[in-house]
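For reference, chains read A, B, C and D in written order, and residue numbers begin at 1 within each chain.
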Amino acid sequence: MKKRLKSGLGRSTPDSVEVRGRNLADELIGKVSLGDFAYFELMGRLPSPQESIMFNALAVTLVEHGMTPSAIAARLTYFGAPESLQAAVAAGLLGLGDRFGGSIEQAARMLQEALGEPGGSVDIEDAAKKIVAAHRGGQIIAGLGHPTHKPVDPRTSRLFEVAAENGFAGRHVELMKGVGKAAATAYGRDLPINATGAIAAIASDMGISWRVCRGIAVMARAIGLVAHLQEEMSDPMAAEIWARVEHEASGEL
Amino acid sequence: MKKRLKSGLGRSTPDSVEVRGRNLADELIGKVSLGDFAYFELMGRLPSPQESIMFNALAVTLVEHGMTPSAIAARLTYFGAPESLQAAVAAGLLGLGDRFGGSIEQAARMLQEALGEPGGSVDIEDAAKKIVAAHRGGQIIAGLGHPTHKPVDPRTSRLFEVAAENGFAGRHVELMKGVGKAAATAYGRDLPINATGAIAAIASDMGISWRVCRGIAVMARAIGLVAHLQEEMSDPMAAEIWARVEHEASGEL
Amino acid sequence: MKKRLKSGLGRSTPDSVEVRGRNLADELIGKVSLGDFAYFELMGRLPSPQESIMFNALAVTLVEHGMTPSAIAARLTYFGAPESLQAAVAAGLLGLGDRFGGSIEQAARMLQEALGEPGGSVDIEDAAKKIVAAHRGGQIIAGLGHPTHKPVDPRTSRLFEVAAENGFAGRHVELMKGVGKAAATAYGRDLPINATGAIAAIASDMGISWRVCRGIAVMARAIGLVAHLQEEMSDPMAAEIWARVEHEASGEL
Amino acid sequence: MKKRLKSGLGRSTPDSVEVRGRNLADELIGKVSLGDFAYFELMGRLPSPQESIMFNALAVTLVEHGMTPSAIAARLTYFGAPESLQAAVAAGLLGLGDRFGGSIEQAARMLQEALGEPGGSVDIEDAAKKIVAAHRGGQIIAGLGHPTHKPVDPRTSRLFEVAAENGFAGRHVELMKGVGKAAATAYGRDLPINATGAIAAIASDMGISWRVCRGIAVMARAIGLVAHLQEEMSDPMAAEIWARVEHEASGEL
C-alpha cells in the first residue's frame, strides 16, 4: 500500500558515490566545473560547450547584487549567531521571494505559458500584445523596468549577446523583446528589459522549466551571501546598522 | 561618531554593475564560469587554471550526497510551502551545521592552527601526533572515518590526485595524511581520511581561511537542494514520508 | 529626504524597558500571561477576560499537531546542526506555508473580503453562495474538509462553543458555517469546517486582520517545535528516518 | 532491526486530538492559556499557579526587545518575500544564536553544571568563586553585564521579585547572585545580573534543563517577530534601511 520512495540523484556504496548515474570520483571531480555540474544536476546530462557558456552566464549574473536586503539580513543574522554560518546564508536566501527571485519565475512562467510546447506556432507579436493587455491598470510586467538601470540594463544587453552567439536567442527571447516593445507603445514610455527578464527568457529557450527558475537565483545567491559573510567577518557592519536603526526607530534622535 | 559602512563586493550605477571592482557585463558574464566566479567572490581575484580545476573539484564534491537529512527536510518544507522554493532550500541548508558542513570547518581549523602562517617550520609528524593526542578518549577527529566508505573514501583518493596534479598537495594535505596515520597507530584500526578531511586540507593549501570553509559546503549544497526540489515536484516523496512517520510514531502500527 | 524610521513596539532607556508604551518590569512581567502579551503585542491593548479566553484558545489549538512535516523537518535539521536549536525551529516554521499556516490566512481573507468593514450589511447566505460558486471546478475551499476528522473536527465544535460563550460567534463565524452548508449542497457531500476554518472565522470576529492570521499559527507552532526538539534530544528519531529513506530511495531495498 | 519511531506529543484519531495524553478539545482549548500550554508541552504536566506565574513571566520578558538585529532581518526578509510571513519570522529567529538566545543557555548550563543534581550539597560561595576564576582573562560571564541597563537591569529586579514571591528563588538564583558578587570583587566594578542571567537562574530553579532554555527565547521571540511584521505591513522601514545602507556602503556618499 506504501508508495515506493525513490530518487535518481545520488547513491553511495562502500567503494563509490554516484550522482545521476555517473561515478562522482572517476567521471566528475576534477573534470567538470561547478556551473556545469549544476546544469547536470538539473537537466540530467552534461551541457554542450554552448549550453555551458550560457548557463554559467545566467548564474554568474545572479551571484552578487551588492548590499541587498538579503545581504543585510544575512549579516545581521551572523552577528547574532556566529556559530552557524549556514543559518546566516539561509536567512539571506529567505528574502529571495516574490519580489526578487520570484520575478524570474514569474517572467519565465509568463513566457512559457504564452508559447506552449516547443515547436508550437504561436504568433510572437500577438502573444506579446496579449500579455501587455492582460497587465493593464498599472500592473507591473515581470521582466520589464528597473529603478536604476535606465535606459538600458547593461546585463541584459550582454546576456542577449551571449545568447545570440550561442544559439539561445530563440522564441522566448523574441517574445520578451516583443513584450518590451508592446509595453512601451501601450504605456508611452521606455520599459527596458531588466536582467530578470533576460534570464527568464534565455532559461526558457534553454528548456528550463519556470518552476525551477527561482532556484537558479537561489543557488547563485548562496555564493554571494557566503562572500558577504566573509567580508562581514573582517569588516563588520551589522552592529552599526543595528545601533543606527534602533536609535532612530525608538525615537531617541 | 558613526562607523562608516562600506562593502567592496558590488555596486551599481545607471549604466554599469561592478563586482569586486570589475565590470560584470563587460568582463565577467559569458567569460567566467560559476565556480571561478565563486572563487573570485571569495578571494578577490580570478583563479589560475590550476586553482580553477582545484576549487571547482572541491565544490563539485559537496553538491550532491543523495537523500541526506538536509534533502529530506527541504522536501518536507516544500510540501508545506510550495510558494517559496527559496524557503525549502534554506531549510535544507540549516542542517549543514556542526555535524555536517561544520566538520569541514573543524578539520580546516585543526590543520591551519597546527601549521600557523604559511612558510612556518612546524614539523608535520610532530604536529600530527599532537593532534591525535589531543583527541584521546574516543573523541572523533574531524576529517577521519566514514560509516560507509571503507577502507577508502573514493572521493578522497580522487581529490588528492587532483591536488597533486595541480600543485595543492602542500603541507596541510601532508598533515591531514599524517593525522590519519598517527590515529591508525594510536587506535589500532584504519581511519580513512573522508571527503571532508580531504577538502579541508586542500582548501587550506589553497589559502582559504577555515572560517569560510563551511561556506563552500553551503554554496555547493544549495545547488543540490534545488535539484532535489525539482525531483520532488515531479516525483514527490514528502507526503509518503510524513504518513509513515506519523503513523508509526503515534503508535498506530 | 530620508524617510524617518520609527517603531512603537519596544524601547529601552538605562532604567526601563517599554513595550507598546507600557513599562515591562512594572506593569507586565508577573502580571500578564504569555498569550495575553501576544494579544497585547498584536492589538496594542490588553485583552478583556473574554478576549483572553478566546485568543488563548485559538493559539492553543495551533501549538501541537503531532509528527507533521514541520516537526520532522525540525528534527532532521537539529540532527545536522545541534549547535543551533533556533535553526531547527526556523526550519520547521518554514513549512507553515500555503498548504498549512497559509490556509488560515486564506480562509480569513475569504471571510473578511466577503463581509467588508464591520457593521456592513452583506447578506450572509448570499455571500456564502457566492464563495462556493467562485470555487467551482473542484477547487478546495479554505477552511472546509479534513482527511482524518470526519464527520466533525472536534476542535471546531469546541472552538465554536468557546466563541459562543465569549461573544465571538459573529458574522464571520456565521458566514463560515454558511459556506460549509452551501458547499455541502453544491457538492452533495458533507464538508466539515476544519480547525483552520474555525480559527479563521473567530479571529476575524475578533478584529484580527487576515494579513496576520498566518502569524498566529507561526507563533503557536514555534512552541510545539521546541517541544519536539526536546523530545528529539532524549528520544531521537532523525537518524532512523534518514537511514530508512536513504536506503529505500537509493534502491538498496 | 529498525529502531521504532515514537513520539508522545500528539496524535489524532477521527474523533479526537490528543496532546501529551490529554484530549485537546475537551480538556485544553478554552481552559488553558498559551503560556501554560507551553509549560505543559515542555514539562508534561500543567503548571501549578506559582509555576504558571513564573513561567509566563520568563516568557513575557523575552517577547519584545525593540529593533534588534533579529527584528530588522525579519523585516528585510518580508520585504523580499511578502508571500511567506513564516519565512520572515524564521529569518528573525535564526539570529537568536550564541550571542543572543544562546546566552541564556550558556548561563543556565553554567549554573546547572556547577550545582549538579537537585538536593546536592555544593557550597554556593565556593561555586561562585570557581566560576569567576574559570573566566579570568577578560572572558565574558554569561548572565552578567549590560551595555544599556546600568547599574541595574530593571527586568532582573522584577524577575527576582516574582521568583521570591512564588518560591523559585532557589539555589540557582542564589548562585547567579553569588557569581555577580564574586565577579564584582574580582574585576573591581559592578556587573549587574542581566535579564538573561535572571531567566537562566530561575528556569534552572524551575527544573528546566539548560538544553531547552534557548527554546524559551525562541518561542517568545516568534511572537514579537509577528508583531514586528504586522507593524512593517502598515509602517514599513525595510526599503528605507536598504536604500541607506546600499548608498553608503557602495561609496556613493
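Throughout what follows, contacts are C-beta pairs under 8 Å (C-beta built on N, C-alpha and C of every residue); 3 or more make two chains touch, one makes a residue touch a chain.
Values in this document were obtained by computation on a predicted structure and should not be read as measured data.
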| item | value |
| --- | --- |
| Same or different contact residues where chain C meets its copy chain A, judged by the half mark | same |
| Chain whose average C-alpha position is farthest from chain B's own | C |
| Centre-to-centre distance between chain C and chain B (centres being mean Cα positions), rounded to whole Å | 37 |
| CA centroid of chain A to CA centroid of chain C, Å | 32 |
| Centre-of-Cα separation between chain B and chain A, whole angstrom | 22 |
| Multi-chain contact sites of chain A, meaning residues that touch two or more partners | 5-7, 10-12, 66-67, 81, 83-84, 86-87, 90-91, 94-97, 237, 241, 245, 249-250 |
| Chain A-touching residues of chain D, taken from the complex the two chains share | 66-70, 72-73, 76-77, 79-84, 87-88, 90-91, 94-100, 102, 237-238, 241-242, 245-246, 249-250 |
| Chain B-touching residues of chain A, taken from the complex the two chains share | 2-3, 5-17, 19-20, 24-26, 28-30, 32-38, 41-42, 52-53, 56-57, 59-61, 63-67, 71, 84-87, 89-91, 93-97, 101, 148-150, 152, 154-155, 157-159, 161-162, 165, 209, 211-212, 214-216, 218-220, 222-224, 226-231, 233, 235, 237, 240-241, 244 |
| Partner chain B, residues of chain D touching it in the complex | 4-7, 10-12, 81, 83-84, 86-87, 90, 94, 245, 248-252 |
